[in-house]
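Presented below are the structures under discussion, each in the form of structure tokens.
Both complexes shown next keep subunit A, but they swap its partner, so subunit B is in the first and subunit C is in the second.
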Partner chain A sequence: MIGPAGTILRKDLLLEWRTKESVPAMTLFSITVYVLFHFGLDRNSLDGELAAGVLWVTLLLAAVIGVTRLFATEREQGGIDALLLAPVDRTALFVAKASALFLFLVAVELVAVPAFGLMLLGPSLGGALPELPLILLLGDLGIAAVGALVSALAAETRIRELIVPLLLLPMLVPLLICCAQATEPLLRPDQGPEDLGRWLGLLTLYDVVFVLVSVAVFDFLLED
Partner chain B sequence: MHDPLLTVDDLHVVYDDAVHALNGVSIRVDAGSVVAVLGSNGAGKTTLLRVLAGLLRPHGGRVSVLGAELPRERWRLPGQVGYLGHEPLLYRDLSGRENLRYHARLHGVAEERVAALLGEVGMDPRADDPVRELSRGMVQRLAAARAVLHDPPLLLLDEPRANLDPAAAELLEPLIGRASGRTRVLVSHDVKGALAESDAVLRLRRGKPVGADEDLYR
Partner chain C sequence: MYSKGLAPLAAATVVTLTAALALVFFYAPLDADQGFVQKIFYIHVPMAIVALCGWVAGGIFAIRHLRSGDPSWDLRSYVAIHLSIILGLGVLITGAIWARASWGHWWVWDEPVLVSFLVTFLLYCVYYPLRFAIEDPERRARYSSVFAIAAGAFVPLNFTAVRLAEAYTHPRVLSQTGGDLPGEMRLTFLVALVGMTLLFVTLWKLELTAKHAAAQLNKLRRRRAEREAVAA
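For the complex of A and B:
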């Protein structure tokens, strides 16, 4: 499974490098939303709960763009048929797509989170280290697992731009709660982790459950 | 009598619970033989090929391809069939070489085969150009190379010579034509050409098999 998954992932990364359809759009969207919050909230800086909420809601909405595009090339250019004709376990396809989305999210956050720190955050982003990257990575893992599943499901429909947010965002609510709660103490003026173990534990549980559920049902999503 | 490579008995495919795309179709294809499928647009030819490739679930009847009963044993089919349909199944932003390498890795085929096939289909000079910059005929040549990359025992060909000039069609002959010696199911609008190269003919009209005396295009 690892060999074919690696082959599909390499192809997806190469296509993204050539077409730049997902990561630049997700990054620009995130920065635009931070600018809108900056003016919409009429505040020079945010901290605590509000900062954590703005950070995570923006990242989740940016993820919608990536999830919508994740299977688009396969559907539009016959990639799914080619994969069904090849002796490839469909789990390999899920692993490849989820890994691609995970890497896209990490790339977006490398730009969007520092931009958030510069534009909106009151306390220094440096004070949220090293815990914030860990929360981001665990959050990305959950988004990638659920996102690959939803993207495969929505790719079958003609209205995937509508189906993706309608399915994805409710499924990500528990993840949003865990990520925002884990992040909030790190973004207070008196920065420091609080209850971090509990929220990271719940986040890990969410990730494990959705990775397993996605692997279990992914096969059926690609049936005609 | 040889065991057939492919048998279809009383096949039914229904779209949206109403449209009978295929209605009582039966064929038998022996190893090494060629069956031509003829019919007008919308007759069900492409649907039949997609069922035989395992890409579409049959709704009734019995379908056995290379010993795999479909859809129950669909898992046995991948890697056994070469499928050349309307879509080339190539990524437009990758080059021909990158596309074939990708398919070769998925099928566990050595990369030397990619270079050899690019030469055989005459695409060496343009092998590193993105597929979106190639003409339809060139894309069709790459698609043919993709279909035979894993040396499948059965080829399912949907208008394989579409967009090809005579020289290109001749170039593909050893890969997908009579000279390939492969078992083939061939969908074509070129009635004369298909009759000339086939051992048996299935005529379809609106999803139903019809006799040789009936007009297919009525």
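For the complex of A and C:
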């Protein structure tokens, strides 16, 4: 299973590298949303709850773009039929797609989070350092698992651009709660982690449940 | 096929719901703190419990559908989720009325049960556009089942996360202590809960019967049309 998944993942990353479709769009979108928040909230710098909320809502909205595009090339070019004809476990496809989304999100965050620190955040980003990447990675894992499932679910409907945000965002509410609550104390002027264990525990539970559920049901989405 | 036992079930529903209403208005004591408004509790809470159970049941039917491939399980799952969404709307409306009367606001955000219910409701509302955007009936059944299972797993997680995130203002009716209801109130509540469950099951069976009959009728019509086409 690891072999085929690696091959599909390599193909997706190569495709992204050559077309530069998803990651630059998601990054650009994040920066645009910061500008929107700056004017919408009429604030030059944010801290604490507001900062954590703006950061995570922006990242989730950017993830919507990635999820919408995740199966796009396969569908438009008919590559999905070839993938389904290949004598490969369907779970490999899920693992490949979820890993691709995970890596896209990490790539976006490498730019978008420092940009947030420069553009909107009041306290320095350095004070959040050892914990924030961990929260981001756990959050990305959950988004990747749910996102790959939602993307496959919406791929065969007529109105997939509508289904993806409507389905993905409510599904991610528990993840948003955990991530924002865990991040919030790190972005206060008097920085320091607080209740980190509880939120990371719940976040891990969310990730585990949705990875398992997605692996269990993914086969049925690609039967024909 | 689905209509078996529908008539006695409907009769039991009418009797229990009438009894529940009678108990609510003539037997259960007035709440010392909230007065008459508290009586909405006997509608609001059973409705919420039945709606959540209906959603989880929809997920369980969906698992059976994916395992067996029998489309009748998908129909059961669909009707359960559909009815739960209708009940869920009722829960949100009665909850808002109750919140307005007892806390002074139509909507209270630091209120974990209300908020998690809203998120769950919003998620399940996507079931309709998803289901009706897929043309092929077999694929539609499969995709709807996948949604029902993922959303069923989402319900408990969501409630945990929202509850941890917010302050505790909502009365916890189903806590280990039984919510400290006095005896008369508890009896009334239980009768109302049974009545609501019976109502749900009756409506579910009725809807299944109707959908099944409509499908049969369609099949017969198509067959007649085919025969006429051959004859002509």
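Note that the second predicted complex is superposed on the first by the 223 of 224 C-alpha atoms of A that agree within 3 Å, B and C clash if a C-alpha of one lies under 4 Å from a C-alpha of the other, contacts with A are read in each partner's own complex, and residues count from 1 in each chain.
In the analysis below, a residue touches a chain if its C-beta (ideal position, glycine included) is under 8 Å from a C-beta of that chain, and two chains touch if they have at least 3 such contacts.
Treat the numbers as computed from the prediction; the structure is a model and nothing was measured.
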Touching partner for A:153 - first (subunit B), second (subunit C), both, neither: second
First, second, both or neither for A:221, with subunit B first and subunit C second: second
First, second, both or neither for A:161, with subunit B first and subunit C second: neither
Partner chain(s) touched by A:88 [first = subunit B, second = subunit C, both, neither]: first
Partner chain in contact with A:190 - subunit B first, subunit C second, else both or neither: neither
Per-residue contact with subunit A, leading partner among subunit C and subunit B: C
Partner chain in contact with A:73 - subunit B first, subunit C second, else both or neither: first
Shared subunit A surface residues [contacts with subunit B and with subunit C]: 223-224
Residue numbers on subunit C that touch subunit A, as the complex places them: 66, 119-120, 122-123, 125-126, 129-130, 133-135, 139, 142-143, 145-147, 149-151, 153-154, 157-158, 160-162, 164-165
Contact footprint of subunit C on subunit A as seen in their complex: 149, 153-154, 156-159, 162-163, 166-167, 170-171, 173-174, 177-178, 181, 198, 202, 205-206, 209-210, 213-214, 216-217, 220-221, 223-224
Of subunit A, residues touching subunit B in the complex: 3-4, 7-8, 11, 14-15, 18-19, 73, 77-79, 81-88, 223-224
Touch list for subunit B against partner subunit A, complex: 53-57, 78-79, 81, 83, 85, 87-94, 98, 102-103, 105-108, 130, 146
